[in-house]
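For clarity, chains are labelled A, B, C and D in written order, and residue numbers in each chain start from 1.
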Amino acid sequence: MIVILKKNPDEKQLNNLMAWLKSMNITIHPSQGEMHTVLGLVGDTSVVDIDLLRALDIVEDVKRVQEPYKNANRKFHEEDTIVPVGNTQVGGNVFSVIAGPCSIESEEQVCLIATAVKAAGATMLRGGAFKPRTSPYAFQGLRGHGLELLLEAKKLTGLPVVTEIMDLSQLSLFDDVDVIQVGARNMQNFELLKELGHTGKPILLKRGLANTLQEWLMSAEYVMAGGNQKVILCERGIRTFETATRNTLDLSAVPMLKKLTHLPIIVDPSHATGISWMVKPMAFAATACGADGLMIEVHNDPKRALCDGAQSLTPEAFQDVMDGVRAILPHAYHMPKEVRL
Amino acid sequence: MIVILKKNPDEKQLNNLMAWLKSMNITIHPSQGEMHTVLGLVGDTSVVDIDLLRALDIVEDVKRVQEPYKNANRKFHEEDTIVPVGNTQVGGNVFSVIAGPCSIESEEQVCLIATAVKAAGATMLRGGAFKPRTSPYAFQGLRGHGLELLLEAKKLTGLPVVTEIMDLSQLSLFDDVDVIQVGARNMQNFELLKELGHTGKPILLKRGLANTLQEWLMSAEYVMAGGNQKVILCERGIRTFETATRNTLDLSAVPMLKKLTHLPIIVDPSHATGISWMVKPMAFAATACGADGLMIEVHNDPKRALCDGAQSLTPEAFQDVMDGVRAILPHAYHMPKEVRL
Amino acid sequence: MIVILKKNPDEKQLNNLMAWLKSMNITIHPSQGEMHTVLGLVGDTSVVDIDLLRALDIVEDVKRVQEPYKNANRKFHEEDTIVPVGNTQVGGNVFSVIAGPCSIESEEQVCLIATAVKAAGATMLRGGAFKPRTSPYAFQGLRGHGLELLLEAKKLTGLPVVTEIMDLSQLSLFDDVDVIQVGARNMQNFELLKELGHTGKPILLKRGLANTLQEWLMSAEYVMAGGNQKVILCERGIRTFETATRNTLDLSAVPMLKKLTHLPIIVDPSHATGISWMVKPMAFAATACGADGLMIEVHNDPKRALCDGAQSLTPEAFQDVMDGVRAILPHAYHMPKEVRL
Amino acid sequence: MIVILKKNPDEKQLNNLMAWLKSMNITIHPSQGEMHTVLGLVGDTSVVDIDLLRALDIVEDVKRVQEPYKNANRKFHEEDTIVPVGNTQVGGNVFSVIAGPCSIESEEQVCLIATAVKAAGATMLRGGAFKPRTSPYAFQGLRGHGLELLLEAKKLTGLPVVTEIMDLSQLSLFDDVDVIQVGARNMQNFELLKELGHTGKPILLKRGLANTLQEWLMSAEYVMAGGNQKVILCERGIRTFETATRNTLDLSAVPMLKKLTHLPIIVDPSHATGISWMVKPMAFAATACGADGLMIEVHNDPKRALCDGAQSLTPEAFQDVMDGVRAILPHAYHMPKEVRL
């Protein structure tokens, strides 16, 4: 941590600061410039409150040298993390494709789609039972009953299932769910993250609509600090001034996260664009830049989907995307040679 | 609702669309342009799924004519809403000032600050017991015990208290709290909002970091749809590319919300700027443009505050802000003449 | 164009509005809803000032049905535009790779790099003579002399050259330049765009840092309205709240622009990320989602580049990127089968 | 400047770096942490290319300690700058109000408005002759002839005039203009800024739509580095995700700029909001937080204005805003007691 002092700092306040830092076992390396004195702090600076430092009269600015996350930091864990999920895994030499309907509507619907996406090569089944909707008047999901139907589809196809939790009170219903999804709007629901850190379940953590990579990794850190290292990151678009697409898919995040963290990272082109015909080009791009997998909405009748029909693919269109992804995969950035899909 | 069709739409699909709309008791007014046919939909279009419409092959675009919120909409409720809180109120001819520490640290601390802010004219006491922190390693608040200390300060001073809920499981502890705060990161925690709609408590709903005014009002609508009309909106800065301040305080939101909704709106300059000396000018600006009140962090020893010390005022600095606000208040935009502070 | 009237509009004002619209040969299709009357305007609405309409007391909102650009609009020009450049082209079945140094530093430097990028398969040479720098104290380019050196490299290699104009007063120096680049900061320098519309030169128009796709196409329209149809669009990242990369590369723009316009679109991963090792994954992603080409910074000694060294590739690294791009290209989205690179 | 090295840097590369820095007369203060070595650089670090440093293999990150602007920096120039303009000034104890039409349309129009705004207390007259319009098909201003009409209004009223330059080629027409305005889209038109630095005219520099305070001050630095210290900053709203107002007026910029720079800062609520009834509350807010003045659009017939009618006030509404501003002014943040309007 670097502390930049104001010109001619009050000596007594400076001594107080030095004493306080030393009391936390921080070693101080001062360097005197023309306009500023700069203090280099060495030691476990995670105990120092950066906001408090900034609040001091004699301090002009404080800059962090080290990332504030540890468990998620590749510097402390060089190997890629592989998250085992049922009979498959996320990360390593498996390219994961999580496909299924936005909302679970009926047993017939979810089973039909599950069978279709499995046939096309999907490695996991997604389906929403608890649905976050901006309007209280919109369909809110089949909730507990939806989970039951999803588990029927799991039994039928053998595909591990991924579904979203919206509140801690729902957790007991997720016993047979393979991967618990935390949605973008809950990325900083810290109470939820803490509790999920005490489960042994893989957590698929979506990026918040306006959250930085560092904040995202801090949310992963919340789960990991509780003991659960099975975190899968999912980029799903961020909010910008552009209105032609629903969100702006930030694909630069993929290689940058690969550098910052050892956790696997997948991409959801369906929610990012909100437009079904854009899923294919953006799935191709995500594959090419080194993502560990994709999350794609598929519906047997997108025109009648109870939510987000506009962004769902038909099973035929999904098969077409899969064919294209398989062709690009061997040529993708940093992809292990033996990658499987 | 306006549906813009693609050029030369398939006739069969068009007939299907017309029939489907009519089945929902929607009247259709077509107008034929050179490049597009436009359908004007009249009736209760809140039952029509706008995303589904957009997904249709023959549809180029759909535009909403009416706001998707009803309870919060000034068009359906012309009078300003006044939210009674203990011996005071928010909205109408009272200018509310909610002041207190970011975090409750001890009985001595919260009582000392409560006494000071009451003396300076604050109408309510704020204090954080459950603290949302981006790092799992940062102080998370005194939690249940913090609430007890806050209620001691309420007993001592008679000030109604405002404090943040972070998860539904905490709700039973809020019985004696006067106003339940929903933080920016929970603005779209829909399960929480729904449940708060079934309490009779005033809800202080902070704007999310990257949420539009319409999304914010939809979140208010979640609370109101449950039967609880006592919603207070609180602007606290949005996320932009600017890094000189923590967030960008969006004061244009104040007069614009006054037009869109009948709910009272207050401003939190402490969190928006994250810098204690900026609280004063931004409190002045918020007052001048017609806010119904302010939320300000005050600490007896900001240098030692366990969180967010950088943005807290001393009791003396708070008194100085209050004096300035009182001078501006009679000249503020659209302020009732008999406004009290 | 759709005009949404306020409830119970003043009859006299409404008649005035109707008369004014009819005077512009606009046909009006009114539809009466419960809360609003909506007017559908049919005819050449490009003559109607949308801001003026919005300013009227009786008008609640105005929504545009048709895009405000014509020359650039795919609806009026279905075929992909191919821009011929020297012995090559941009668009169609050629995948363009424009490579070269950020700044031209010396004849030796630019010729060495030009030879290297040609050998690796680049189709055009880039090099900055006039350099936009945020600081007046930073290197501003070799200016006129830099252009001369660039033309030497063109003579040596036969590669067509692309270089940036910063002010109209420089135009006379661009006679032998093959493609004139308009930088992101000049995307809305309308006087410059108008004048370039009167040249016969291909214009490479970079997207502004915070400009929407529609604004970008309106800037293309400025050039095309002057008679010059040879516009090449170049996505180079937009400004968001994320700070881990310099800008956020918006690859969704590629397929979306392909739908909105017939103009070719290339991607600049060097400026978007500002980090040399990220050029490769983002070049792969841009190729996969259907871009017509890439613009990449290459330097013989990136550690000593006078500007933007951090984002330049060595010739070896560039060759490696080219190999990867060639492998992905046949599998890319909507790529013509006979695509050449 | 602070250089953070990677763990275990290559010794030879480190020695090269040290030698290179010393060759620029930089003194190096290293401090050895557990994970990183940090180098504190002391001396004139403005000669060090920060991007080049970041590009080095052994460097993890570089952080700037000192602002990159000098002439505009309050640290080197403590006194507020006062810009004299004709018979008035901007900054100091004068609160400037620059009012007038968006576009100059006729002699009658501009003279009528000039007389009205003078009567209401405006200190300067604004009026657009060269108009930046996003569409090539929109009215582009009366250009040279517009300037002549503006100067007629100056002669009539004695008000100094402010008008926008769009290209260097227009500069010779600005001889009798009192303040040359650089619009938001030209904030980083560096060739224009450089040339304006060689004139003796006051420059009103609007903030770019997506530019940080630091970039804005660097643009001021371009003008000042040429010898012209008469720069007036004008905040006019930034681009965010919010769509309810045209732009988001960033009023926190006012007090923050007062800290960073000695230049005067005024606020344009007309362009920021794009809505005439919002000018009043936002003018009040800008005054309250310590701006040195306002820029406001006034039109005798806003319904017929050739551009931006939606955001113009009638002379009566302008008078009303002035009355309110005068009432708030004595109570505004950091306002000199003897402030005049």
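Basically, a residue touches a chain if its C-beta (ideal position, glycine included) is under 8 Å from a C-beta of that chain, and two chains touch if they have at least 3 such contacts.
Source: prediction; values computed, not measured.
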Which chain's centre, taken as the mean of its Cα atoms, is farthest from the centre of chain B?
C
Roughly how big is the turn, in degrees to the nearest 5, that lines up chain A with chain D by CA atoms?
180
So, in whole Å, the Cα centroid of chain B is separated from that of chain C by 39
Express in whole angstrom the distance between the two chain centres, defined as the mean CA positions of chain A and chain C.
31
Can you pull out the residues of chain D that are in contact with at least two other chains?
210, 239-241, 243
What residues of chain D sit close enough to touch chain A in their complex?
2, 4, 7, 29-36, 38, 40, 42-43, 61, 63, 65-66, 75, 210, 239-241, 243
Which residues of chain D touch chain B in their complex?
210, 212-214, 238, 240-245, 248-256, 260, 272-273, 277-278, 280-282, 284-290, 324, 327-328, 331-334
Quick check on the complex: what are the chain C residues that touch chain D?
46, 49, 51-52, 54-56, 68, 130, 132-138, 140, 166-169, 185-186, 188-192, 194, 209-210, 215, 218, 221-222, 225-226, 239, 274, 276, 302-312
